[in-house]
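Below, chain A partners chain B and then partners chain C, in two separate complexes.
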Partner chain A sequence: MSHINSDLGMDSAEYKHALARYVWGFALSIVLTLLGVVLAGGGIFSTGLAWSIVGILAVAQLVIQFWAFMHLDLSKEARPDLYLVLFTFLLIILMAAGTVWVLADLASRMGMGGM
Partner chain B sequence: MSATMTHEGAVHTASHDHGHHDKTGTVIFGFWIFLMSDLIAFSLMIANYADAEWHGIANGPSPHELFSLGLPTIETMALLISTFTFGLCTLGMKYGASMKRTVFWLVVTLALGAIFLGIELYEFHEFWTEGNTPQVSGFLTAYYSLVGLHGLHVTSGIIWGILLMVQMKTFGMNDLMKSRLVRLGLFWHMLDIVWIALFTKVYLMGVLS
Partner chain C sequence: MNILGSLDWNDIFIVPFLKEPTLSTGIAAGAGGIVVLGALALALLLTVKGWWKPLWSEWITSLDHKKIGVMYVVLSGIMLVRGVLEAVVMRAQQVSPAPGFLSVEHHAELFSTHGTIMIFFVAMPFLTGLINVVMPLQIGARDMEFPFMNAVSLWLSVGGAALVMASLVVGHFETGGWTAYPPYTGINLSPNEGVDYWIWSLALTSVGSTLSGINFAVTIYKQRAPGMTLMRMPIFAWTTLCTAILMIFAMMPLTVASLMLALDRQAGFHFFTAAQGGNMMNFANMFWLFGHPEVYILILPAFGVFSHVIPTFSGKKLYGYTSLVWATIAIAVLSFTVWVHHFFTMGQTTNLNAIFGIATMTIGVPTGVKVYNWLLTMYRGKLRFSTAMLFSAGFMFTFVIGGVTGVMLANPTIDFATHNSLFLVAHFHNMIIPGVLFGMFAGVNYWFPLCFGFRLDETWGRRSFWLWMVGFYLAFMPLYAIGLMGAPRRMAFFTDPAYLPWLVIAMFGALMVLGGLAAQVIQIWVSVKNRESLMVPAGDPWDGRGLEWSLGCPVPEYDFTTVPHITSREPWVDAKAQGKRVIDPTEFVDIHLPKSTGLPFVTAMIATIGAFALIFQMWLIAAVFFVAMWVTVLIRSYDTDWEETISAEELRKGYEAHKHLVETTPKATFEDEFTSKNRGLILEEVV
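Entry: the complex of A and B
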């Protein structure tokens, strides 16, 4: 199947199947977003616990949107994209977490507050 | 290509699709590489923000004092709906939707992007007139640059979309236009994925801090 053209029309089962993926992604994203807002605003859990859950919800929504909207999955077609994304996240974890670590260490040595 | 699309022969179209897939697929994969490098840039801006928010409050407000969730939530919903409507646009296009339908969903998407941008600029203006300018603290510098960088991306996406509509009207819905629309779609979906991270880190976790 090509990226930009299908031989089938909008009344085909394939179209409806593909559309369902978008609808699921959209519905789940809305639920996860609103859950995050309620947790951040509501004071249901302790601040630390709410912070962690909100973070997990964000990661879940990130995975869902890559799957639903950017067609990332375990299929052979999406494999090169998947490897690229996974390698990118490896770089992000190393570089972003490393940056926060070094700057926080520096701040604590400068007496600007603990790590 | 459009002539081949009407052929019923599965073997013929399959082989044709394969050859076509390779060319368009390569261009789209190249665009993925750009998107991922952009994602790394965003992630480092977030890392910078995380540090500034932690150690760079100075005499300015903390995130907890500055942010409320009302407007950012509406803003988030606008962008979330827009990423879905862009999906409707590109998915329909792939399955032979009329240009009218494709343009309609693209216009809806860009309008939602403009609403998102309007709310963001309104918030910037509010903070600014309260005296919370980027000069006040490292946290505010990082806030304006991180959220502003995302806003610039949305702005360029809107301009890109408008230019693409002009091209589509001029050249018709050919394969090149379709490939460009798919790439703009990936760009737009990526921006919403980046916004999940920004909304969570800046606003949700900011209010919780």
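Entry: the complex of A and C
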């Protein structure tokens, strides 16, 4: 956000706080990504388990990026933005899951496997 | 490789007719001729009257939300004329002895362009235009959040419409209906440029709509006047917000699906082919992921209009504000859960169909709530039947019938019998004509003075209403009947003589609708001619209730002289109740408005030419224009001198002048509402 650079002094507490949040977000994202790469390539877990763990890591990273870069949290000021993001997820899940459901259902009727 | 791609002489509108003169090619050539001659006549008129310059400097380059709104509505009006004319030709085709005077392909082109135009280039620009004019005025904003982007959206829509018009002159439009399902629209079965016309004209306008959606939503979130909480917003702003959110999310599946179809056609992909693991059923799925929310994008703004027109002309507060808001939100969310009802017959299991059937019936509930809200608003009100009110009443009556047939179709077992029949065609016209067009017509008749300072002629307005209303019933009730008798949709001709009497009635109805449209053109003509006596300089000619009526008519460029502080749901009604005729000014400060710029127009026209090049596979030209389009965006990004200032002093003068005008305007009563005595600020006589 531009006001962090322009309106606040470079050494105000608020600026430092915001900067820390960005750095944390960046660092955590890298760590989580590397973890995913290692898990996928390492062959430590069975395929199914590796898939689930990578999935969980991905969701965790999503949450962290919303917190660090989009300034989303459970505070009262961020509440309207939070609702908008949740609503967006609701719609995306409806569309994506709905599509998978419909297509799998169709496939099941054509002897193509699926559900 | 040919630089002009697949374009050749046979694509020019007159050539097929010269080679093989039939009535069908003659009509095609005639339509192309009308477009060319119309364009020439317009150019001539502009030159003779010396209007090129004002057109450019006052309109095309304007970033004023009100002017952008007006231009959207003009676009929609022009396309409506074409859409209705096509409908009349289709109706004439089906009453003439089989096989009729149109070739089968030509008839297919007609229903495809009619459907595409009516949805994307009539309904969408109409509601986008109305929102542009009214929403900022209702929430106390001075403009959209992103005025430049607003103009880009407008000109992208114009570009899309221009491509559809161009298809009359150069080449052909597609023949696969407005839904353009593959495999029929794949490259094997539709090798010519028709489907590409559909894809790229939609790409332009759907990007425009997505941007408009973002603009509207952000404006409502960020630009409300102080004190206007969400639950104090006028209903039209609420329906705009929900429509905007639907636009943001629902245009995407369409854009993506049509671009995937383009990749299939031109780049050898297999998203929707039977070979190589493609699945054409996913196109239907994605199309309706867009398509169902789309019908609510279309209808919610009209619901907003009715929620203002009905209270105003009933002289009562809107009944059940909170329930209306929640009904709107419920509709917006539920509209994403019912899309499968458009393809119950595609082969899913009965369980899946049943679930979507029930979801569909559920969405009828909040819609029903709204109808009761409006009815109870009218109950014991003192009704005044202006043109806007007539359209609203006609809507309520007619829309309920359409809603009932919709609930019937929501039952998968019934849908299996009526799918793809004229019963369905009757149903959706029964929703869309009252639910979208009547709403927009009511809105134009109601809010017109805000833009131009004078009212529209009531006599011709009422005539247009009756022609539309009766014409609608005659044109579509017969389709319910023959639909149930088994008549399929999209047929070039019927051989069953039992259908003929019904089709003749429908033909007559379509002609009446055309008459209604003509009456509207006359209405505007007469109103412009008599504008002196229709002038309402003091504003608020109908004892209106929203903030937009606290401004003079026409509304000045800067909209509000000072930003009002809102303390209730109907601040203007409160002010009037205290005997005030202006809302008290807050603080006069310098304001900044964006300067006019021709760049949005240039960007969109470059995009349009690029899209035309894609349609005819002129890859090199397309690439050049694609790059050029982004160059214009870059130019804008480095433009730092884009604002101009209106001084606090000028605003104060504007306020004083308006106050003086309002105080010296003689009072008029409801008896004089539609006469020249109404100079604005009409008030009910207190006995």
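Methods note: the second predicted complex is superposed on the first by the 108 of 115 C-alpha atoms of A that agree within 3 Å, B and C clash if a C-alpha of one lies under 4 Å from a C-alpha of the other, contacts with A are read in each partner's own complex, and residues count from 1 in each chain.
Basically, a contact is a pair of C-beta atoms (placed from the backbone, for glycine too) under 8 Å apart; a residue touches a chain by one contact, two chains touch by 3 or more.
Please read these numbers as outputs of a predicted model, since none were measured by experiment.
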First, second, both or neither for A:A20, with chain B first and chain C second: neither
Partner chain in contact with A:L91 - chain B first, chain C second, else both or neither: both
Chain B versus chain C as contact partner of A:I56, first or second or both or neither: neither
Chain C versus chain B, contacts on chain A by residue: B
First (chain B), second (chain C), both or neither touched by A:T99: both
First (chain B), second (chain C), both or neither touched by A:V37: first
Touching partner for A:R109 - first (chain B), second (chain C), both, neither: second
Chain B/chain C common contact set on chain A: 80, 88, 91, 95, 99, 103
Complex contact set, residues of chain A against chain C: 80, 87-88, 90-91, 94-95, 98-99, 101-103, 105-106, 108-110
List of chain B residues in touch with chain A within their complex: 1, 5, 7, 13, 17, 20-21, 24-25, 28-29, 32-33, 36, 39-40, 43-44, 46-48, 50-51, 54-55, 69, 73, 76-77, 80-81, 83-84, 87-88, 91-97, 175, 178-179, 182, 186, 189-190, 192-193, 196-197, 199-201, 203-205, 207-209
Chain B-facing residues of chain A, complex: 1-10, 12, 14-15, 18-19, 22, 25-26, 29-30, 33, 36-37, 39-41, 47, 50-51, 54-55, 57-58, 61-62, 65-66, 68-70, 80-81, 84-85, 88, 91-92, 95-97, 99-100, 103-104, 107, 112-113
Partner chain A, residues of chain C touching it in the complex: 221, 245, 249, 253, 279, 281-282, 285-286, 289, 333, 336-337, 339-340, 346-349, 352
